[in-house]
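Just so it is clear, A, B and C label the chains in written order, and each chain counts residues from 1 on its own.
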Amino acid sequence: MSAASEHKHVGDGWGAVTFICLTVLALLFLAPTIGVLLSAFKSTRDIALGDLWSLPQALYLDNFAEIFANPSVRIYLVNTLLVTVPATAASIALGVAAGYVFAKLPFRGSDLIFLGVVSGMFFPPQIILIPLFKLFNALGLIDTLWPMILIHSAMGIPICTLLMRNFFSTVPNALREAALLEGVNEWQILTRVALPISLPALAVLATLQFTWIWNDFLWPLIFTQSDDKRTIMLGLVSLRGQYSVAWGVQGALSIVASLPTQVIFLFFQRFFIRGMTMGAVKG
Amino acid sequence: MSDVAIEAVTKTFGAVSIIKGVDLAIPTGEFAVFVGPSGCGKSTLLRMISGLESVSSGTIRIGDVDVTRRPPAEGGTAMVFQSYALYPHMSVSENMSFGLRMNGAPRAEIERRVGEAARILQLEQLLDRRPKQLSGGQRQRVAIGRAIVRHPKVFLFDEPLSNLDASLRVQMRVEIARLHQEIGATMIYVTHDQVEAMTLADRIVVLNAGKVEQVGTPLDLYERPANLFVAGFLGQPSMNILDACVHAADGTQVSIRVAHGPLIGLELAAGHGLAAGEPVKLGIRPDAIRLQPRGRGEMPADVEIVEHLGDEVIAYLRLPGTPEAIIAKLEKSSGVRVGDACAIGFAVPELHVFGTDGLARTRLAHSA
Amino acid sequence: MESHVRFWRVVLLAPPLLVFGLFVLWPLADSFRYSVTNWNGFSADAAFVGLENFRKIFTDGLFANAIVNSAIWMAAALVLPTGAGLALALLLDSGVRGAGVFKSIFYLPICLSSVVVGQIWIWIFQPDWGLLNTALSAASGETFGFAWLAKPGTALYAVIVAWSWQQTGLAMVIFLAGLTAIPRDLLEAAEVDGVAYLKQISHIILPMLRPATVVVIALSVINSLKGFDILYIMTGGGPFNSSDTLAMFMYDESFKKYKMGYGSAISVVLFVITLTIIFVYFKELKKMDEIYE
């Protein structure tokens, strides 16, 4: 796996100690998550009686039944999808276009523009909260899904540009030149040569952006007012009142709200961790 | 008619001048090789012909069309890259047909051309493979195939064989020569390897530091190098260059004294401009050196190192009491051994004379 | 050739720059504009008040409170996830069995949303049957009923613990990548020399991990400045503003009290702080590149 693996510690008993340490830590680390998982499969009464930590006797699904019977939850999920999918696609498309120019068609000053765009990644969104509120207010888009779609498309540009530019830099220039000589235009080179080679980077970005946008809380908090425009994370908070003592239902809600991103993460995990650190370490 | 005409072409990167005024005419169907040391601008010149690199000044014409400012695809050239530059996500046939497909060529035409290229390069069995599944030589053949399907006016090769190992390189070299015979298109081939240049070229263009040093057939350049650079660059081992001095010059008759060596009389073409007392360089190819028993030849020498190459022997000689070393290429049967004390004999007709300006002085054919 | 390239540069670069400019850069500039007004978020007109908002900021006790909390938050974010992430990375890198599984477990929280993480930790800190008090009761034999999130002395720190739990995985992954980049022969050479493992860590591994460390630290600082969601969920900045950070403070002033002019001024201060940090970050990275080239 890495520089130090295999030959260090081996055969001196340290391996077992390390393993036990990690196992204990991992259990401690997992405990909160396991707690939520267990709660989702228990009745409120069981939890109140202090019986949270035992394995459920029978598969108790009432909590899930409860939330899927709640029409609001369905609306929240659909709204979140309606924001997440287009914004993920748009931010990646924009990042691909910009990253391609910065990697393959650089010009005088392009490095500076690149740096400017990428540094956008580091600023707290609070900095532009008020002007955006004013902007979408003026456009009459408050309490629609549009502000979230547009803002996430824009705020995703720095990370998408950074990753795609770094990835495209590893694609040999000769590939582009060979295609140019064959009369293939720049657009075809991007879509037929550069992008198919960059599928790992695209997978990473899809995961990152999907997770980030799905989990977002701040923008829906600012821009939505009515219940039928809420996204799932906001819905989670607003349902907290309705199910204030129904801890099991809240647990089930948390699981349902996290499931899509977990599925995507597990699916792309290999790419995800590699690409993530690639973007981060290479700055 | 010349297929590729390069006129007063220069190239600067920022403030650095890389190509310093090149004039060149390459006739239709010729196999021209640009050869020169690494970094001398061979690739840059080739890329300017292809249109991948902009031209700082001057004109490039291909088939009488000025392509100086044209986009790469419109010049009618096809290029084979050192790195092959195959699209890793496409099969061999997709690689070869990519350009045609993107430009909307009819399917039947694409299939015909891919089939033709595959036949010429014996790639028929490999058409569905990905580049990753091919050996280096096969990849290079695919890269060439991709050039062939375009039916280009001019093929451009940029060190296409330098990523291959030695035996494969020889094999591919032969294939490229065969290809040129078969399709007869103009080809420009860049290499830093003089063996490739000598074996493949109809004409060699020797480049050095952004300038053309000499243009000519391989034999021309080998037998009549125009200057010290070409003399030293072509031929393996390279030509021995000896310090010498003009002893007397009378019209075309010139006698030259070799440092630590004999007085040699030769006849040079008029206008050689050499005067008595002027220093000159004498060049002699290793294979023009004869070894004789000590006392008989013109210059005494000791054999320091002997390398056996099978059919030939390379002997490193030193003139006694001097730092000068001379390399000789001898027959296997010469029986030379380390420590032999012998003498060097020159074949006078094979001597080359260079002035202090580095330029060769033409020998008159009948001089002895 | 050049003109074609220029054409595609414009075609490809215009949309991203336009979108970025419209929804990020222009609002940023606008923030500066609002920061010198007393706009309330609704009225069409806003009066120019000069630097009044900034003067107020620096005399506002709540701002000072937010700055102190942000600093505490940042320091903790620097120490806890970074230290834990490094320790985990070193343990995982020793070639231990099941490293991949462990890695996934420690990385998992990063993929959870702050809302869900906040929710989970609200339960842990729940006074009556929360995991923490249950464990403490079991350990001490007495009944613990401490309301961690409702007491000014502990609220901020409770949130920091939750935050660290989430962020540790990120630090770990970056450190692991850094460890992978250490040439094997360097460690083998040390091994041959009989250098003990702990010495290897301090003399070879840690110095070689410097680039990764810079990245982790920079990310921790930057992410801590963004810390908002989890605070909003767990404490809302309370009780009595005891867990207010700059981001939280800005939100409260602007969207709870509708002092948008004042809020914009806070944004500007936040911007300047972030810019300073980024500047230091890039300078440090550059130095790093020079060392490791």
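What we mean here is this: contacts are C-beta pairs under 8 Å (C-beta built on N, C-alpha and C of every residue); 3 or more make two chains touch, one makes a residue touch a chain.
Predicted model only: the values in this text are computed from it and were never measured.
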| item | value |
| --- | --- |
| Distance-maximising chain from chain C - centres being C-alpha averages | B |
| Innermost chain by mean C-alpha position | A |
| Mean-CA-position distance for chain B and chain A (Å) | 57 |
| Whole-Å gap between the CA centroids of chain B and chain C | 61 |
| Centre-to-centre distance between chain C and chain A (centres being mean Cα positions), rounded to whole Å | 16 |
| Chain B, residues touching no fewer than two other chains | 51-52, 71-72 |
| Multi-chain contact residues (two or more partners), chain A | 185 |
| Junction residues of chain C, two or more chains touched | 4 |
| Chain A - residues contacting chain C, complex | 1-10, 14-15, 18-19, 21-22, 25-26, 29-33, 35-36, 39, 47-48, 50, 52, 94-95, 97-98, 100-101, 105, 107, 113, 115, 117, 119-120, 122-135, 150-151, 153-155, 157-158, 161, 185-187, 190, 211, 214-218, 221-222, 233, 236-237, 240, 247, 250, 254, 257-258, 261-262, 265, 269, 273, 276-277, 280-281, 283 |
| Interface residues, chain A side, partner chain B - complex | 172, 174-175, 177-185, 188, 192-193, 196-197 |
| Complex interface listing, chain B residues touching chain A | 50-52, 71-74, 77-79, 81, 83, 85, 87-89, 98-100, 102-103, 146, 150 |
| Contact set on chain C toward chain A in their complex | 4-5, 8-9, 11-13, 15-17, 19-20, 22-24, 26-28, 30-31, 34, 41, 88, 91-99, 102-109, 111-116, 119-121, 123-124, 129, 131, 134, 165, 173-174, 176-184, 186-188, 191, 197, 205, 211-212, 215, 219, 222, 225-226, 228-229, 232-233, 246-247, 250-251, 254-255, 260, 263-264, 266-268, 270-271, 274, 277-278, 281-282, 285 |
